[in-house]
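In the two assemblies presented below, chain A is common to both, partnered first by chain B and then by chain C.
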Partner chain A sequence: MIEFIEGPLWYLALATFLVGVAWRLIVLVAMKRPSDLSQARSASGGLGGALKALIQHSVPHGGNLGRTLYHFVTGYMFHVGLLVLVLFAAPHVEFIQERLIGSDLGWPKLPRWAFIVAAEAAFAGLILLYVHRLTDPVKKQLTDIDDHLGVWLTFIAMLTGCLALQEAHDGLRATHMLSVEALMIYFPFSRLMHAFTFVLARAKTGATYGRRGFAP
Partner chain B sequence: MTVAPGTIAPDNRPVNVEAAVTKMEALLGGHIAAYLDACVHCGQCAQACHFHEATQDPRHTPALKLQPMTRVYRRSKSPFAGLKKALGLAPAITEAELRDWEPLIFDTCTMCARCTIVCPMAIDIASVVAATRQAFVAAGLGPPDLLQAADNARDKGSPLGVTPEVLADRVEWLADDNEVEIPLDKEKAEVLLTVSSIEMMKYPDSVVAMAKLLNAAGIDWTLSSKGYEATNFGVLSGKGDIAKTMVERIATAAEAVGARTVVVPECGHAYGVLRWSGANLLGRALPFEVVHITEYLADLKRQGRLKFKPYSEQAVTYHDPCQISRRGGATADARYLLDGFATDFREMTPTGNYNWCCGGGGGVQAMGRAADVRHEVFRIKMAQVEATGAPALVSACANCRLTMDESKAALKWDKELISIVELLADNLVPADKG
Partner chain C sequence: MTRTCRWPSWIKRYLTRAPIHGLPARRRPIASPFAVLALLLVLAGALAPDAARAQQLPDPEALKSAGSIATPGGSVRPPAGAVNLPDAAGAVRRPGGLPAVEGPIPPPDHARGNQSVTEEFWSRIRYGARGNVVLPGAESGILIQSAGEDWRLIRNEQLTRYGSMALLGVLAAIALFFLLRGRIKIHGGRSGRVIARFTLAQRIAHWFAATLFVLLAISGLIILFGKSVLLPLIGPNAFSIMASASMQGHNLFGPLFLPAVLAILVLFIKGNAPRLVDISWLLKAGGLFGGHASSGKYNAGQKIWFLLTIVLGLAISASGFILLFPDALVDRSQAQLANLAHGIAALIFITVGIGHAYIGSIGMEGAFEAMSTGTVDENWAKEHHDRWYAEHKGQATTDTARAEVEAGAVGDGVMHGVRP
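Now for the complex of A and B:
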């Protein structure tokens, strides 16, 4: 069983993730878009607006910091924490070396204290966001099954990852891999795709309004 | 009859669900799909929407307005749509849902794009709402008074019944009464001026003011009975054919007089539509430039062709019409006009591109049943103005002005509303004294 999880199932999950994400993005990019025949205020406004929106929408702006502070703080705790864990946790670096790039290549691994800080930030961020999702009247009515599944699959992957690290046990390591594989297979079919689609949405708005003179 | 926002319109019009779905499928291009795919259901947009802020009703969450399109996308156009449909994960839209969504798509969206600023994905909900309105109209839905305004525009030339004959009568009356030349149907002119029927019928002084300013600057301009109505209720109501007709009329008039510039009067959406969607509606680039009256006057001031006496009677603040500033990109021009003119000018917070909407854009002004919620929204503007301490509010949109005038009366507010064009014309320094 462990062999299956760490062997064929891993490759199946990886292929589903890569092909699924690529397929969804290709379909999105290939869909027809009406051309804009209006005369731009400035020739470079579209490109400038797209770049501005890509950067600017990463932070609250336009006097809205107070309104969006909770999301800003918890969102960054979760996303940055998770990204750091995925890319720099020692077992992940070793796994990537072993499976994908070879041991000659690689990058620094997180020391234990940094792993704990990143994990705590990611857990706290995810839990705080989820509590808000369950209690805030605005978010409650927007939430669907996809939102719950995405959160739970991520949470389980993070939790099993921490357990696997605490006790270097094959069974725990396989449980973590299984949960990550579930997440990867689910990813292209879900709203988790926002990890990629945010670029398209921000760039579209920035380009449209940038050519008008102000990218919101 | 007033319908509380969020309730189903009490009418028995038949609803063609299939037509709505077909229309949404046709309009659902990659630009909209990218938005629908990116929404993470975070709800932050609610904090930016005046309808949510004024009512604190979670139903007025902007992201909910993406629902109709999202449902169609999921069922018929997204990758894996077939799979989702087969698994029962993408149910078909029902008539009850369409009716339930109608107030969200019409009554409580002024297409102001404030939500886009806050959205971490920068989703332009206003543009999705505009497309969705077309589908609702195809299904037979939409506020009857808004739809009627669009039909009036097509059949009579203007939503408020300003036919070419009424236009000629009113122009003659205004010219005589105010001793100002208002050229109508000159054979050739450099500039074609358009008017909003709200001004023509309710704020005619603003038409007189534009004439005085253009005359003072020595502009070769005219109005045309072939194309005069700047408002485009076709776009606001989701009636694409009428939207195109209204733009066509202005383009035809401008081409007939050989105008190089078409000036849009104090009307935000008229500017947004003609300047940024006009060519797209016609399917060809416009052979003239489109400018808002504030842009045009700012340019004349820059060239030294217009001079004004400083206005120091009272402190003033400025309300940015969303379609001119945030969605139009012409934010700086009104400031340039007020700069050095209004001696005690105070900005609101937030202002400019981040300003709060008046509550009546996107055709909401024309929906009788939305009046109560509009007035609630206006309280945000009242608080903004009061915080500046200015007793007067200047703006550059007759639709905002009408919305604010109505709310001002309903809420018994004592501040003064002033049109920027009228204020400038009243303080014009005659050319020989400049």
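Now for the complex of A and C:
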């Protein structure tokens, strides 16, 4: 069972993830849109607007700090914490080097204390975001099964990873891999795709408005 | 299995007559061949040159083969190859009978240098005597910290015994109460009008703390009771995995509990001060067995739960941090005390928390909504918190969706942009 999880199922999950994400992004970029008939205010307005939107929409702006402070803090706690864990946790770095690229990645591994801090931030952020989603009367109405599945799969993948932190039991490592594989297979078909599409969406919006001479 | 000394009885009597460093007579270790061998070694040491003396340490294997080493028994688990001495009754000595000896260990009167293997010498080490060493650290000179055995016995025997009794007792009492009383209904039925009760910030803090509470309680109970409950059921391999996972999870989620408790303190302290009406509420047992018990926004039971949450939550967090960073402690007795305090506080917290979870969900109609939607039915408010209702009855509305939004907005409109 462990051999299957760490062998064929891993490659199936990886293929589904890569092909699925690529397909979704290609479709999104290739999607036909009505052409913008307005006259461009400046030649570089589109690119500048895209960059400005990408940066500006990553921090509270326009007097929105008070209204978005909760999401700003918890959102960054979760996303930054998770990204750091995925890319820099020592077992992940070794796994990527051995199983994906076959050579030294060239970036440092997190020391244990940094791993704990990143994991604490990621868990606290995810729980706080989810609790808000469940209790806020407006957000609750906007939430569907896709959101619940995405949150739970992410939470379980993070949880099993941290439970296997001692790296002493193959069973715990296999459980973590299984949960990650489930997440990877589900990823392209869900709103988890926002991990990639947020760049395209913000850039497109920013470019459109930048071409017309104002920032959104 | 303990081997008994096969020496003639008059030799035994002679050898056991000497007082052994305060040990009660029934616990005096008998003078075994080990002690005789020690005397021989001392004698040999006196005759031999220093260089040779240094190489004549007693060899445990040789002592075993000579039939002088007892197999340790009881609850003390010695390291492999340990040397132990049975007493006259064959009983195993337990620590606690002797105070720790401070200061350097003087060599026994009849010993020379490191050749001494007399019982008194080893006995003092066994009971926590401190020697002179060049290594830094308060405990470097202590070979055996005997208080650890007291801690182990309290944790593994008394704490688990009384803790499991408390947990099972509460579960049985709740089940019995549910069978006899059933779910507490809203007597007047639902009115269709609701009143905002808890803000969005309060509900988020509550569920954040509750999520961590459940994760920590499950992992903590596995750590505390796993060896006695799970190990016989699932075997050592599965238990090893479960214990490792529980420990990692517990250590990871533990630090998050402190900010959760502090958030509860800040957001719920208003209205939780004791009042005279709480006494009559307690005398009527909150109306659980009939009759009406008057209360304000929080009844006496909720106030006690709030107080326990803060006190126990802080105690658990403080002791938990001590256990997370044992290297920062002066000696390990502090960690042992912190461990016991952590376990006792957690068991009380979990036991009372089960009651809180019951009455807030299946035990009482209309109670769960207060923490899920932030609103309560008007009749529920009238029935359970009549004084609070009297102050807020003007806010009752049939527009439940609007009330829910306003419940989120009261006091924290910034959270989703709706201001009251």
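Operating definition for what follows: the second predicted complex is superposed on the first by the 211 of 216 C-alpha atoms of A that agree within 3 Å, B and C clash if a C-alpha of one lies under 4 Å from a C-alpha of the other, contacts with A are read in each partner's own complex, and residues count from 1 in each chain.
The working rule: contacts are C-beta pairs under 8 Å (C-beta built on N, C-alpha and C of every residue); 3 or more make two chains touch, one makes a residue touch a chain.
In this text the structure is predicted, and so the values were computed from the model without any measurement.
By the touch criterion defined above, A:137 lies against chain B and chain C together after alignment on the C-alpha atoms of chain A. In the superposition on chain A, contact is made by A:165 with chain C only, not with chain B. Once the two complexes are laid over each other on the shared chain, residue contacts for A:212 go to chain B alone; chain C is not touched. When the two structures are aligned on the shared chain, A:79 is found in touch with neither chain B nor chain C.
Touched residues of chain A were counted for both chain B and chain C, and B has more of them. Contacts of A:109 after superposition: neither chain B nor chain C is touched. Of the two partner chains, chain C is the only one touched by A:119; chain B is not. By the touch criterion defined above, A:34 reaches chain B but does not reach chain C.
Touch criterion met: A:24 reaches chain B, while chain C stays clear of it. In the superposed pair of complexes, A:92 makes contact with neither chain B nor chain C.
Of the residues of chain A, those at positions 67, 136-139 touch chain B in one of the two structures and chain C in the other. Across the interface of their complex, chain C is touched by residues 66-67, 69-70, 116, 119-120, 123-124, 127-128, 131-132, 134-139, 159, 162-166, 168-169, 171-172 of chain A. Here chain A touches chain B in the complex through residues 23-24, 27-39, 41, 53, 57-58, 60-64, 67-68, 71, 75, 133, 136-144, 147, 189, 191, 193-194, 197-198, 200-202, 204-206, 208-209, 212-214, 216, going by the rule given at the top.
Considering their complex, residues 29-31, 33-35, 37-44, 46-48, 52, 58-59, 61, 63-64, 77-80, 113, 116-124, 127, 275-280, 282-286, 289, 325-331, 349-350, 353-354 of chain B touch chain A.
Put simply, chain C touches chain A in their complex at residues 200, 203-204, 207-208, 211-212, 240-241, 244-249, 252-253, 255-256, 259, 372-374, 401, 404-405, 407-408, 414-418.
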